[in-house]
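Each chain carries a letter (A, B, C, D, E and F) given by its place in the written order, and its residues are counted from 1.
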Amino acid sequence: MNLAHHLIVAPILIPLVTGAALLLFDERQRTLKAMIGLASSLLIFAVAVALFRFADRIDGPEAARQGVYLLGNWAAPFGIVLVVDRLSALMLVLTATLAVPALIFAMARWHTAGAHFHSLFQFLLMGLNGAFLTGDLFNLFVFFEVMLAASYGLLLHGSGLQRVKAGLHYIAVNLAAALLFLIGVSLIYGVTGTLNMADLAERVATVGAEQRMLLEAGAGILGVAFLIKAGMWPLNFWLPPAYTAASAPVAGIFAIMSKVGIYVILRLTLLVFGEGTPSSGFGLHILLIGGLATITFGAIGVLASQALGRLAGFSVLVSSGTMLTAIGMSSGGITTGALFYLVSSTLTISAFFMLIELVERGQDAGASVLAVTMEAYGDADADDEEEEGGGGFAMPGTMAMLGICFAACGILLAGLPPLSGFVAKFAMLSAMLNPAGGDSAAPVPAYIWFVVFLIILSGLSALIAMTRTGIRTFWASMEGTAPRVLVIEMAPVLLLLFATMLLTVQAGPVMRYMDATTEALGATHHYVDAVTGARRVGAPGQEVQP
Amino acid sequence: MPEKFLLLLLFLPFVGSIVTALLWRTAARTLPAWLAGGVALAATILTAFYYPSVTNGKIVRFEIAWLPELGLNFTLRLDGFAWLFTMLVTGIGFLVVVYARYYMSAEDPIPRFFSFLLAFMGAMLGIVLSGNIILLAIFWELTSIFSFLLIGYWYHNANARDGARMALTITGIGGFCLLIGFLLLGHIVGSYDLDEILAAGEVIQQHSLYLPALVLILMGALTKSAQFPFHFWLPNAMAAPTPVSAYLHSATMVKAGVFLLVRLWPALSGTFEWFWLVGIAGISTLVLGAYFAIFQRDLKGLLAYSTISHLGLITTMLSLGSPLAAVAAIFHMVNHATFKASLFMAAGIIDHETGTRDMQKLSGLFRFMPYTATLAMVACAAMAGVPLLNGFLSKEMFFAEAVETHADSILDRALPYLATLAGAFSVAYSIRFIHTVFFGPPPTDIPNPHPHEPPRWMRFPVEFLVFACLIVGIVPSLSIGPFLGTAVISVLGSDTPQYSLHVWHGVNLPLVMSVIAMIGGTILYFALHRYLAHAEDGPPIFRHLRGQRIFERILVTVSWKWARWLEANLGTRRLQPQLRLVAGISFLAAFVPLYFSGFEAKLPPLTGVDPAFAMLWAIGMLSALSAAVVAKYHRLAALLMIGGAGIVTCVTFAWLSAPDLAITQLLVEIVTTVLLLLGLRWLPKRLGKVDDSTSFTARIRRLRDFAIAATCGVGMSILAYAVMTLPVPDTIANYFLEHAYTEGGGRNVVNVILVDFRGFDTMGEIAVLGIVALTVFALLRRFRPAVESIEVPEQQRIQNAYDHDQPERQEGDTVRDYLLVPSVVMQWLFPVIITFAIFLFMRGHDLPGGGFAAGITMAIAFLLQYLGGGTRWAEDRLRILPLRWISLGLLVAVATGAGSWFLGYPFLTSHSQYLTLPLIGKVPAATALLFDLGVFVLVVGATVLILIAIAHQSIRTYRVKTPPKPEDA
Amino acid sequence: MSVLPYPLLSLSLVLMWMALNSFTIGHLLLGSVIATFASWGMAALRPHKPHIRRWHLLPYLIGIVLIDIVRSNIAVVSIIVAGRRQRQRSGFLTIHLDLKDQTALAILAVIVTSTPGTAWLEYNSSNGTLLIHVLDLVDEQEWTDLVKNRYERLLMEIFE
Amino acid sequence: MELILSLGIGIMTGSGVWLILRPRTYQVIIGLSLLSYAVNLFIFGVGGLKVNAPAILTDGVPVSAYTDPVPQALVLTAIVIGFATTALFLVVLLASRGLTGTDHVDGREQSQ
Amino acid sequence: MSQAADLPLWAAIAVSAFLLLGSALALIGTIGLTRLQSFYERLHAPTLGTSWGTGGVVMASMIFFTVTEARPVFQEILIGIFVTVTTPVTLMLLAQAALHRDRAEANPEVPPWATAGTDLEKDAPGAVD
Amino acid sequence: MSAIILYYALTAAHVMLSLAMALALLRMIRGPRAQDRVLGLDTLYVNSMLLLLTFGIGSGRTIYFEAALIIGLLGFVATVALAKFLMRGEVIE
């Protein structure tokens, strides 16, 4: 047990400790709190990168076991395990990549709009990281709840009519989802007698027919809970209003939240209902059909959106729908492309949410929304007065920068070249139409045409909507009213967009990582072996007990 | 030339673009132009040096691995045809830059213009140089994007915005189709590499996906080249600055479509489908474009439709599938680029000098600008196909091909006539251009009544291009000949036909057709002359059938009206339908698998029913049902009812041997009741009948909800019964039962699970509680009660009034008397409850209890003091800092967990042993107890914070709501 | 603040602790520590501190209350079981109290209310009147005597 | 036992579902409370029902005699989280009521 | 009921008797709660359960565990004490609330607001609000 | 013999206490006024406490004691809050 091994639990503990410690400081010491929060986020990022590099080197069972952390030194399946593999490491890095810019963005003004922003932000990171790392079904529930609880707080951060209205729906639906989660988990436990995912994968094979029905019923209910989170139509109507109402940096980090549902679905369908298991392919049709419906609804919503915020909200749905469809098609190549798409679209949507606030700041509507928030907030307590310009310098060339960023977001959302949105779409479409090996004789199934059509259509709707709103915003109305945008507000957006550019340029290596991820996901027995084979400290065959 | 210089060639414009963009604040107008010109010229020269490397079918290839697994590499490929096009793109690009230097006015943001222009040039070069079709598609879309930006350059002008959007939408759709077409090509061939695709013509054409691939690729090509019926975006793109029109919309971008047809000609052409699809599009565009051009009032409109028509001509030639026609097509691409670019520039000069492009206003400009007029006339002649000019040569080749039979059909046979007709039209609009603009009386109604010749260097590009028209027209084989040959060989390879580039081929059928077209066109023009001088814009018959308007209408209808309707009807913004869906879908998710697995709900035997348990649950069910019934109008009753359901739940837990659950549920029950009561204070007092509950729809709605609720209830019953009666699997619980005492050091297995085996869950759980407390606190800081709730409750007003009226009483006496006795009891209970909380905490590991239960108990002790004494009284005496407690609790829990690191164990590893203390005896001393202490501390803090935060609302004073003042950001 | 602000309370808490756990020396010690802490908590509330002058009368009080409760249990059971056949006369009764000590009042309230058949309703501190409700109000004076002579006098002796 | 408890769970679920489909926020929160009882009992039930089983490890008692402690631990976590979310929902509905002036779940009265 | 078999007969009888006494009193109390006519009458009913109802069951429990565990068990007494102390608080608060509501609604069944009074010194409790 | 006596006594106690709880619920449902319902709930609490104590006797285990003690010591808090709400319209002032 070397020191590095403990890094696995760090992405959960760092934000927890930071979030808790920040409560000890007075609300007025915002700058200090922000700095601590930022330092913590950067540290999480560094840890995530280290874990990512570790995960990338995993080959063979011994390395895979090194990625398993036995909490409390209890062997799986009895204790709770954390598992770092390529997929979880990827999600960790993605989360941290969103967190740092969102936090920087918030430091300009938003963190003053309510109490305990920084603690809640850290707790959200804790929930996200925990959900990605855990290898235990009930622990997943707990981290879902941590994440949701923090997201409730962050969504309502800044208060105001819209947020509270949207928040009420968001919370109501997610509470229902939490109950479903519990029912599903307990059913699965009742049938299999385990909560550990790897153990579950093993036990599923031995479950008798009578019990299997209940297992599948449990999985179905659990699936609904995840699909609510992932935003599948028709369980997703809460999502656009909630994301739209959230303050910009919050929406920026929320971009990853719907992906948690996707992540879990991806992991569990492959692990528990993967190839070779008795219930193989369970629910895939639902994912495919639901995914397509979600893309359609998302694309329609994108077109129907007048406000940029809603447009972005529906873009989240398009992204989710695409992912669900890809998972539902259950082919290695498509999954690889979909993972690339996941990263790309998450970065895009995050950047876009933050950008929207800056863009709308120049418009009357946006300004008054902000004014209302500030009024609502500044009114209760004198100590929360906005520290104007506390963050730094106004951005030079604001309009040009905003325009470029907006165009970049539009290009990314529409999946146009040259940014990563195109590469992602190409990778998926290419895998659908041109499965590896290029067996040209094989006919393309009809449903694939439909998928291709919808994916293209969603890009087109983004293109139309983005040009429409972009023209209205930048060309038709913003003449001469350049908003005051601080460097620390612009930089996060640029940082995220730069990440998409990096993703494009480094598409080769990234895609190879995704390919390895897909392969690892498919090799269920490796995962199971890693988890069940991980040894307790002090157990035979391990280093000497200290 | 080394291959890698191709990269330089490609990136030079992009780098130039970025550098130019960085000049956004410089005052100098010329610097960006110099920079752009320099880049263009350098690119031209660089290209020129590549010529020797591409002659005789040689190919320069340069490849960087990008996404090799998916067959997408950064492959650049220069052959003769690409070279010719590269020269066109860079050379004309240079001329346009020079022209634009003078055309753009000082008020325009010059750097942005040149930046976009250079970026476009790079994208265009990318199309030309791509050796991988996906890469080509990438640059293809890029040209659309930069074209959009350039058309919308003067975005304050609504036409520019609309034109830009339309162009992007159409070409964007085309681009998406093209991408899919290419993916299909890749599917067929097994590679996206251009060379491999070109070599696989037979495979492609015999594949079942050939037609879909062809259609999709043609969608891309035809939209880009503004072919019928996608032509209408081009005239609307004329809102762009004229240099843009000259460059993008005549010489280069619109040529991308036909370039692609030529590029893929070896792989795709020669089939029946190709002939029909490409042919119909080409011929209809050729004729209709020319026809429409005649009736344009706008100079640039005329040129735009003329461009459409000429592109149709090229498309038509490519449709024929004959190598000779392909040669003619390539030749005409070059020719059209030269004369059309020069004409656009001339039109720009005219516009620049006179302030208008309306041909009904322009007249007799020859006398003001004879030199420009002459140049324009020569270019017009080339456009009309007058001998000794380049247009004539390619047109003759076209006529020659038109009379040949290719794919015998009505289309093939009609082609000579249609070609001649289009030729006549083109003569007519060419004459119109010259005649109306340069001849006749001086203009009377133009914004700038004193036009004159443009600056020397503004005219230079026109001169250069017109000169090229002449040279090529007079000595074709000496000028363009070798280059054309190189290009043709690279496309056609061994199929390259014999062709001659001579002005005079003797009197043959094509020449006769030309003559007919000349005469016919002249007659047509003069017949229409008077009509055109006053007619409204647009061609007769088709005037009202404008693609643009149809497009706009469709776009608005589909992408806005339908979308909004669909969004509203496929989704909802209301909560109830959402929850209905969640409930319904959850039921389906559980029972569809059960149904398909043949699940049967067996009727359970009615034996062994304990009457007391049945009675207990009769109470539970009745409570639940009553709560459901009364929750709307009798809130307090509903609260009591769920209290009843709660107590039944507690007793059930106890009955079924789960004392820990009973305790916890009970404590939570108590706190929740107080919590909801605290909330009730702020809800509207009593509802009037808010909705018409007797209406038919309301009844239907309730019936539906009842059905959903009943279904879910029945479903849950079935599931619960099924899972409860399942044979117990080999669960992980056995391990816990076996090891809780030996390794976890506790006899209360539930507690050992909570603080040790699954302590991580508990850590997360307390985090949730802490987070929620924070959220509650934060939200309540912004809390504004509804106006009618701000007032003191009615009871208090009555009691205060009574106190006020009695001489011996003071306000508040009633409540003081009311709580006189209870508060004494509550105070004395305070230390008792604290002791009890400690008791619960200490024994948790071995017996029912634990940190959570103890924490809630402690919180209740505090709560009781608030209840008895009021907020101010309690806070005057008890300094509770709940935030600190929350923080401390979390930190203690984490620190306990992290302590095991120092012993080399994973997080949360517990160490337990029984210490034997003197007198006290064996005491459990597990580190888990310390962890539980963290739980305890946090639970106290969070619970108190939540309750107190709400309670504090009663003593806050609320300012009357003021309308928000606008605040400048 | 003294270390043991409420010795009687602390003693009771120690007894409570030992009743909850076990009567061992260890728990006596542990219980003392905890009781001390808890009584500090009590001290923080700064409650009205009663002065018990004649605490030896307390057991006597408890004794008579227990007997009364048994008696009234029987009375009330008979009323309920008899049901409507025997219409009971319930009613309100106002009694003037001389007792002022808050703790003593609390004890009186507990006694009155714990006893089935009588319920403490309202005490008016401005004039010292107490309103009680009696389930079987045959003779008002009998009930007034019960409260005044049997309980209040004893309590006044103990506390004042 | 099983039969009665499952019926009870069903009734609680049905009542809860009915309530969360109602338009008033207070009805929804009462419904969520009922649902959380039902779900807690359900989780508890998957471990199998045992009357008079020892709740605390006692020497000499076979493992099979105990109730399954895992669902109990899960229920405890669920109770805590349920309490937290109820509190949160309550505060949000209060805030919504304060800002919108109505206690309708959509923040405005439906004319429908 | 493993220990029950070890119970001496006298203890079993005593336990049973107290148990039945307590339960019966509790039941009669609730019968009173349902049958008595006015709220103020009903107020008396639950005290049966909280006085000797609780007492009976507590005694039963104490005897039972004292005998089975062969040591004095007193913890149930605490329940008795707590119930005795807390129930009056509940009942008097509830009764007074009812009284005030009835007076506010001018219900003739209840005594009206006290209007006369002597100038007695105020002995204000903690409630300052 | 002891076991049989105790068994019948316990069963009778269970039934009586359950019945008592049912009657208390009846009062909660019937009202007619809020204070009646609260009184019903309080009675329900006390009766369930007694029920828990009888479980303890039935099982011979003391683990039910805490739950009963909690009702005895803290159960009144909810009722007090309810009563105060009725009296003052506000739980904590």
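The rule is short, and it goes like this: contacts are C-beta pairs under 8 Å (C-beta built on N, C-alpha and C of every residue); 3 or more make two chains touch, one makes a residue touch a chain.
Not measured: the values here are computed from a predicted model.
S.K.: What are the chains that chain A and chain C both touch?
M.R.: Both-contact set = B.
S.K.: Determine the set of chains touching chain B that also touch chain F.
M.R.: For chain B paired with chain F, the chains in contact with each are D, E, in label order.
S.K.: Consider the two chain pairs C-E and E-F; indicate the one with the greater count of contacting C-beta pairs.
M.R.: Of the two interfaces, E-F and C-E, more C-beta pairs touch across E-F.
S.K.: Calculate how many whole Å lie between the centre of chain D and the centre of chain F, each centre taken as the average of the chain's C-alpha atoms.
M.R.: Chain D and chain F have C-alpha centres separated by 21 Å.
S.K.: Between chain A and chain D, what distance separates the C-alpha centroids? Give it in angstrom.
M.R.: 28
S.K.: Just curious, how far off is chain E from chain A if you go by their C-alpha centres, in Å?
M.R.: The separation of the two C-alpha centroids amounts to 56 Å.
S.K.: Between chain B and chain D, what is the gap in Å from one C-alpha centre to the other?
M.R.: The answer is 40 Å.
S.K.: Spell out, as numbers or ranges, the residues of chain C touching 2 or more other chains.
M.R.: Those would be 16, 20, 45, 47-48, 102, 109-110, 120, 122, 124-127.
S.K.: Specify, in ascending order, the residues of chain B that touch 2 or more different other chains.
M.R.: Correct list: 573, 575, 579, 583, 610, 639, 648, 655, 659, 680, 716, 719, 723-724, 726, 728, 731-733, 736, 758, 761, 765, 768, 771-772, 775, 779, 782, 784, 795, 799, 806, 808-809, 813, 815-816, 818, 820-822, 824-825, 827, 829, 832, 836, 847-848, 869-871.
S.K.: Multi-chain contacts in chain D: which residues touch at least two other chains?
M.R.: 20, 28, 42, 46-47, 52, 54-56, 70, 77, 81, 84-85, 88, 92-93, 95, 99, 105-106
S.K.: If each chain is a node and each touching pair an edge, is that a line, ring, star, complete or other?
M.R.: other
S.K.: If we use the touch criterion from the header, which chain pairs count as touching?
M.R.: A-B, A-D, B-C, B-D, B-E, B-F, C-E, D-F, E-F
S.K.: Touching chain A in the complex: which residues of chain D?
M.R.: Listed in rising order, the residues are 20, 25, 28, 32, 35-36, 39, 42-43, 46-47, 70-71, 74, 77-78, 81, 84-85, 88-89, 92-93, 95-96, 99-100, 105-107.
S.K.: Any idea which chain C residues touch chain E in the complex?
M.R.: Interface residues on chain C, with respect to chain E: 16, 19-20, 23, 45, 47-48, 69-70, 73, 76-77, 79-81, 83-84, 88, 90, 92, 94, 100, 102, 109-110, 112-122, 124-129, 131, 133, 135.
S.K.: Can you tell me which positions in chain E touch chain B when the two form their complex?
M.R.: On the chain E side, the touching residues are 82, 85-86, 88-89, 92-93, 96, 100-101, 104, 113, 115, 117-119, 122, 124-129.
S.K.: Can you list the chain B residues touching chain F in their complex?
M.R.: Interface residues on the chain B side: 610-612, 615-616, 618-619, 622-623, 626, 636-637, 639-641, 643-644, 647-648, 650-651, 654-655, 659, 662-663, 666-667, 669-670, 673-674, 677-678, 680-681, 792-796, 799, 815, 818, 822, 829, 832-833, 836, 840, 847-849, 857, 860, 863-864, 866-867, 870-871, 947, 951, 954-955.
S.K.: State the interface residues of chain D toward chain F in the complex, per the touch definition above.
M.R.: Residues 52, 54-56.
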